[in-house]
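You will see chain A twice below: alongside chain B first, and alongside chain C after that.
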Partner chain A sequence: MRNEIRHREPVAGWVGVLALAVGLVVLLMAYLSLGHVSLTPLDLLTGELDATYGLLLELRLKRAAMAIGVGASLAVSGCAFQALLRNALADPFIVGVSGGAAVGGTLVMLPLASLVALGSALQATVVFAGSFAGALGATVLLFGMSWVRGMIATNHLLLMGVVFNFFASAVVMFMKSLLVGHRLHEVLFWLMGTLASESVSWGLVLLVAAIAVWGTMLLSAWGRGLDALAVGEEFAHGTGVDPERLKRRLFVVAALLVAGAVSIAGFVGFVGLVVPHMMRLVFGARHRLLFALCALGGAFFLLASDLVARLITPLVGTQLPVGVLTSLVGGPLFIVMLVRAQRHEVVS
Partner chain B sequence: MRPVAEEPLLLRCDGVSFGSIVDEVTLEFRPGRLVALVGPNGAGKSTLMKLLSGYLRPTAGRVTLGGRDVHAIPGAQRGPLLGYLPQHVETSFPFTVLELVRMGALARGLSEREASREAMATLEEMGLGDLARRPYPVLSGGERRLTLAAKSLVQRPAWMLLDEPTEGMDWNNARKLIHVLAEAAASGVGVVVVVHDLNQVLLPHAWMALISEGRMVELAPALQFDVDLLSRAFGCRFHLVDVPAIGRKVLVQR
Partner chain C sequence: MALKSPSSFGQSVGRLISANPSQGAGLFAGLLLVLACCVGCKGSDVASGSGAGGEEEARSNFEQVPRKGYSRVVSLTPNMTEMVALLGAEGLLVGRTAFCDYPSSVTSVPMVSGGVEPNVEALLAARPDLVVVQKGVDAKLPVDSLTKAGVSVYVSKVESAADVARTLEELGVILSQPKRGREAAAEVRRALGLGDGASVRDGASGGRSGDGASTGDGASAGRSGDGASTGDGASGRSGDGASVRDGASVRDGASVRDGGPTVLMVHGHRPLVAAGPGSWGDELIRLAGGRNVLAGGNNPYPTLDAEWVLKLAPEFIIDTSFAEGEGEPADFWAFVGEGPGRPVLRFWSEPEVLRPGPRVVRAVELLRARLVR
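Take a look at the complex of A and B:
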C-alpha cells in the first residue's frame, strides 16, 4: 500500500495539469463563441467567418489571451510570494510592487490627458510602460529597504510592502482628484481590474503571456529549493539550499509577473490568493508542479470570471470590471475554504 | 606514488564572534565524535550552531570546514557535507512527513524516485511509517522533532548539526535518537548537538562543550567533565552519581 502512496502524488499532479489544460481549451471555445453576438464552435474551427465576425473573434481572442496571461501571472506570483514570505495568506498585491504600478500608471495618465487621444493604442502602451516602471521602481526600493546584513529580512519586506501600499494609495487618490470625466473613469476602471480595454495592443498581451510562461518555467525549475524555503529559511540552509540567493531570484521573478499583470489589467483581486491556496489543498504543497497548476488554474479562473462579466453585462446594464467579479466570488470562496480547512484541522 | 592520506574534515571556529552573543570562540570539532553543546539559556548555543552551519556570518573570526570558509560553501555542495537542523521549524504549508523527510534525501543528491524510497525506508526504520502521509503542521511537537531527525538522518551528511533535536520527545524516543546519533558518530560522522538534559549525553564516547555568556569554557569527554565548571555555569550544584542499577553515572542537582 505504501508503494502506492509514493507514486500516486506526482501522478495526481500531472493528471491535474492535463485536466486543467483540457478545461482551459474547452472554456476558451466557450469564451470565443458566447457573448452579445454568438458564434458557433463550428465557425471557430472551420474559420469560415465574414469580416465583421472575424474582427469580433479577434477582439475576443485578444481579450481571452489577456485573461489567460494575467490570470496565470497573478496566480503564479501569488504562489511565489507565499513561498517567499512563508505565509499561505500572502497575495501578489501585498508587498508593494502593485502599489508602485498603480502610482506609475496614474502618474503617466495625468500629462497624457492633454497629449494622447483617449483609448488609443499609444495611450495603453504608455500607461503600461509607466505602471511597469512604477512596479520595478517599487521592487528596487523595497528590496533595498529590507536588506539587512546581506539578507532579505522577510518580515521587514512584508511590513514595508504593506506600508508602501498605503502610501501609494494616498498618492493615487490625490491624482484621481486631479483627473476629471472620462480620464477619471478610465483610471477607476483600471484600478478595479479590467480586461475590457480594447486599445491594448497584441504586443503587450503577448509580452504579459510571455512573462507568465517564463516565470512559471523558472519557478518550477527551482521547485526543490522552494519546498525547503517554504518550510523555513534556516531549514533550507541546512538542507543544501541557499535561501538568500533563492529569495532574491524569487522576489525579482514574482515582481515581474505582478508588474506585467497589473500594468495591463489593473488590480484583479483574489486570483493570486485563492488559486494557489486551492491548488495546494488539492495537489499538496510541493512546488515542482504547483506553478504549472497555478498558471492553468489562474488562467481558467480569470477567463471564466471574464466570460461571466461579459455575459451579465446586458443584465446589469454596465460592463462589470472583472476585478469586481473575482473579488465578489473569490472572497466568499476563500472564507469557505478557510473554514473547511480549519474544521478539517481540528478533526484530524 | 604513495597515496596521500585523506585529511580529516575538521570543523573549526577561530576567534568567532557574533555581536555580543558569541564572544571569540575558538573550538575544533573532529569527525567521528558526538559533541554536545551545553550551557544555560541565553549562553549563545543556538547562535553558535547557526555560525557553525554557515547560516550566519561571524562579525569577527572564521568558521571553516576542511579549511574552507563554511559561509562560502554553495548549497549544492553543502547538502552532503553539512546538515543543520534549526531549533524552530514551523510552517503552515501542508507538506507531508514523507515530503519533508525526502528533502533530506534530495539534499544528498538522490533522484526523486530514490529519495522517496530512502525517505520511506528511514521513516519505517524509526517506526514512523504511519506518520508518512500526515501533514507536518498538524503533528505534535515530539512528532515534528522525530520527523526532522529522520530528515537529518536520511541526508547522511559528513557533519550533522542539530539544535535541540530531542526537544519535546518522550524519554524513550530521545534516548533512541541520541543512540542513533552516537552510532553515526562511531561510523565517522561529525555530530554536534545542543541538548538541555545533560544526562542524555553522559555516554562513553560523547564529548561536552560548555558555553557560558557567549564564551567557550571547556571541551572534554562527557563522563570526565568537570562538574564544578558545570555547576558554576548553570548556577546550581551538580553531583555526578553512580547508579549501579543501570550501570552508568547520572548528573543530579541539589
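Take a look at the complex of A and C:
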C-alpha cells in the first residue's frame, strides 16, 4: 500500500509534464499560425515564406519565446515563494523584488532621451539592465533586513516585502511625474505588463528563457528538501535538510526568476499566484515535479493568454495588455477549480 | 422594535449596539456609507465647460461667454496660446502651461499649469478675467466656481482644421479682435479648401459659429483631400503669430495622385499608438491628400502591434514618436523590412503635427512633402 502511494503521485506528475509539454508544442504551432494574418502549418514547416510572412513569423517566434520564458519564470517563482513563506497568497510580486525592478527600470528611463542615438534595441537592453539591477538591489536589501540571528525570518520578509513595494510604488509615481509625453507612456505601458517584442533583442529573450530553465532545474533538484520544509523546519532538520540554507537558496533563485521576467515584460499579474495552485490541485504538492509542472503550466497559460489577446485585438480595435487577459481568464478558471476541489473533498 | 419617536429610535439603536457590538458596528458603517453616497451624489462643480446640452454637443460655449473687454487672459492649452498670439492679444496673457512655447515670446508669461492638470491656485493667483481652454482639458477645471468668481471660461473643441478656423473666429470676437479673427479663419479655410462656413456673429443671440461648410463637424463631410479642391499656389505658413500664411493655398494638385497614398501615423512605440479616425493626425493625413489606413476603425488612438502594422501595409509610415532633438528611431522599424513594396519611413516631430492649432496649414504642407517617394 505504502509503495503504491509513493509511486502513484510521481506517475501522475510525469503524465502531467508530458501532457503539458505536448500541449505547449501544439499551442505554439497555433500561436505561430494565428493572428492578423494566418500562416498555414505548411508555411511554418516548409519555411517557404514571402518577405512579409517571414517577418511575421520572426515577430511571433520572438513574442512566443518571451511568453514562454516569462510565464515559466513567474509560475516557478510564485511556487517557490509560496513554499518559502508557507503562504498560499504569496506571488512573485509580494516580496519587494518586483518593486526594486520597477524602480530600477523607471530610473533608467528618465535620462533615456540621451540614449536614443543608441537605437531601440540597445535602449531596451539598458532598461532591462537597470530593472534587473534594481531587482537584485531589492533582493540584497530585503535579504539583509530579514536576516535575524542567522535565520531568515519569513514573517519579516513578507511584511518588509509588502512595505517595500509600497515605497517603491511611491518612488515610481514620483519619477513618473517628472516624465512627459511618450516617455511617460512607455513607463506606464511597461508597468502594465507587455509582451511587445519589437524593440527587444533575441539575446534578452533567450537570457530570460535560460534563467527560467536554470531556475526550474535547480528548484526541482531541491524538491525533496522543500517537501520536508513544507511539513516544518524541525521535521526538515530531522530528515537531514538544512532549512536555513534551503530558504536562502530558494529566495535567491526565485528573486532572479522574478528579476528576469519583470525586467523584460513588466508586471504580468496573476500567473505566479494561480498557476502553482492549479498544478497542486491537479497533480499534488510534491515539489520535485511541481516546479516543472509550474514552468510548463505558466508558459502554457501566458502563451494562451497572449494568443487570445492578439486575436481579440482586431475586434476591440486596440491591443490589450496581456495582464488583463491573464486576470480575466485566470480568475474565474481558478475559482471553478477550487470549488470543484472543495466539493470533491467534501464528498470523499 | 416599534419606533414611536426620534428619542425612542435613538434608545433602540443604543440598545442594539450595546447588546450586539458587531451588529452595531455594521449599522454604523452602513449609515456612514449611505451618508457618503448622498454627499457623492450631490456632485461637484468640476464639469465640462461647454455648457451646451442636447443631442449634439456644441463645439464650444461661445454663446455663453460674456462680451466684454478682457484684459487678463490665461490659456490652458498650447494651441489656444498660439491662437491668442495670432490674434494680436499676446499682451493680455497672464498665464500659460509648461507646453505653451509658440511663438517664442510667450515663454516669458508665467506658468500656471504643468500641462495636463491645471494648478487652480496658480491660475487664481494670476487673477484672470478670461480662461481659454480646449475641450477635454476643461474637465479638471472648477468651471462653475470660476464663473461665479467673475472669471469667464471659453472652451472649444479643436479636433479638426474647421474647428481651428471656427475657434479663431470666436476668439477674435471674445478678445475684441473680430476682424483679425475672421481674416485668420478665412485664410485657414481658403488654404485648406474648407469652404467659407457661416460667420460668427458678434453679440450673444442665437446661431452657432461656423465651422466650415465643406467639412462639417470636424471629420467626414466635404473632404479636401481628394486632390482637387484646395486650389493652387505656394505654401501657406504660420509666421511668428502674425499671420496664418504669406502665400496662396497648400495644394498644387500635381504631385498627389488620385486616391492618395496610404499612410500610418504613429505617435509612440511602446505602446505603438497610432492616429485613428477622428484624431488630429487623421485630419492632417486627409488634408494632405493621403488615406489613413486606420480610417475604418472607431478608436481615435488605437494601440497596434507589429503584426497589425504589417497587415495594414501602409505606403508611408510617419513616425512622430520622438521629441525634438532626439535621434530618429529608425531601428525600431526593422520589423517592417526594407526594399520595394515595403513602407517608406518618415520621421517628423515638429509640434505642428501634434498640435491642432493655427499652424495647420504649415503642418499639411510639411506632411505633403513627406508623402512623396
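Everything that follows uses one rule, which is that the second predicted complex is superposed on the first by the 320 of 348 C-alpha atoms of A that agree within 3 Å, B and C clash if a C-alpha of one lies under 4 Å from a C-alpha of the other, contacts with A are read in each partner's own complex, and residues count from 1 in each chain.
The rule is short, and it goes like this: a contact is a pair of C-beta atoms (placed from the backbone, for glycine too) under 8 Å apart; a residue touches a chain by one contact, two chains touch by 3 or more.
Note that the coordinates shown come from a computational prediction; the quantities given were computed from them, not determined experimentally.
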Should A:199 be classified as contacting the first partner (chain B), the second (chain C), both, or neither? second
Touch check for A:56: first (chain B), second (chain C), both, or neither? second
Applying the touch criterion given at the start, work out whether A:318 contacts chain B, chain C, both or neither, answering first, second, both or neither. second
Quick one: is A:224 in contact with chain B, with chain C, with both, or with neither? Answer first, second, both or neither. first
Touching partner for A:280 - first (chain B), second (chain C), both, neither: first
So, A:242: does it touch chain B (first), chain C (second), both, or neither? first
Could you look at A:189 and tell me whether it touches chain B, chain C, both or neither (first, second, both, neither)? second
Please work out whether A:37 is in contact with chain B alone, chain C alone, both, or neither, and reply first, second, both or neither. second
Residue overlap on chain A between the chain B contact set and the chain C contact set? none
Contact residues on chain C for chain A in the complex? 115, 267-273, 276, 297-299, 302-308, 310-311, 313, 321-323, 325-327, 329, 331-332, 335-337, 339, 341-342
What does chain A use to touch chain B in their complex? 2, 5-7, 10, 86-88, 149-150, 224-225, 227-228, 230-232, 234-235, 237-242, 245, 280-281, 284-286, 345, 348
With touch defined as at the start, can you tell me which chain A residues reach chain C in the complex? 35-37, 51-52, 55-56, 58-60, 113, 116-117, 119-121, 180-182, 185-186, 189-190, 194, 196-199, 310, 313-314, 317-319
Help me check something: in the complex, which residues belonging to chain B touch chain A? 50, 53-55, 57, 74-76, 78-80, 82-86, 88-96, 98-100, 103-104, 106-108, 112, 116-117, 120, 129, 132-134, 136-138, 151-152, 155, 161
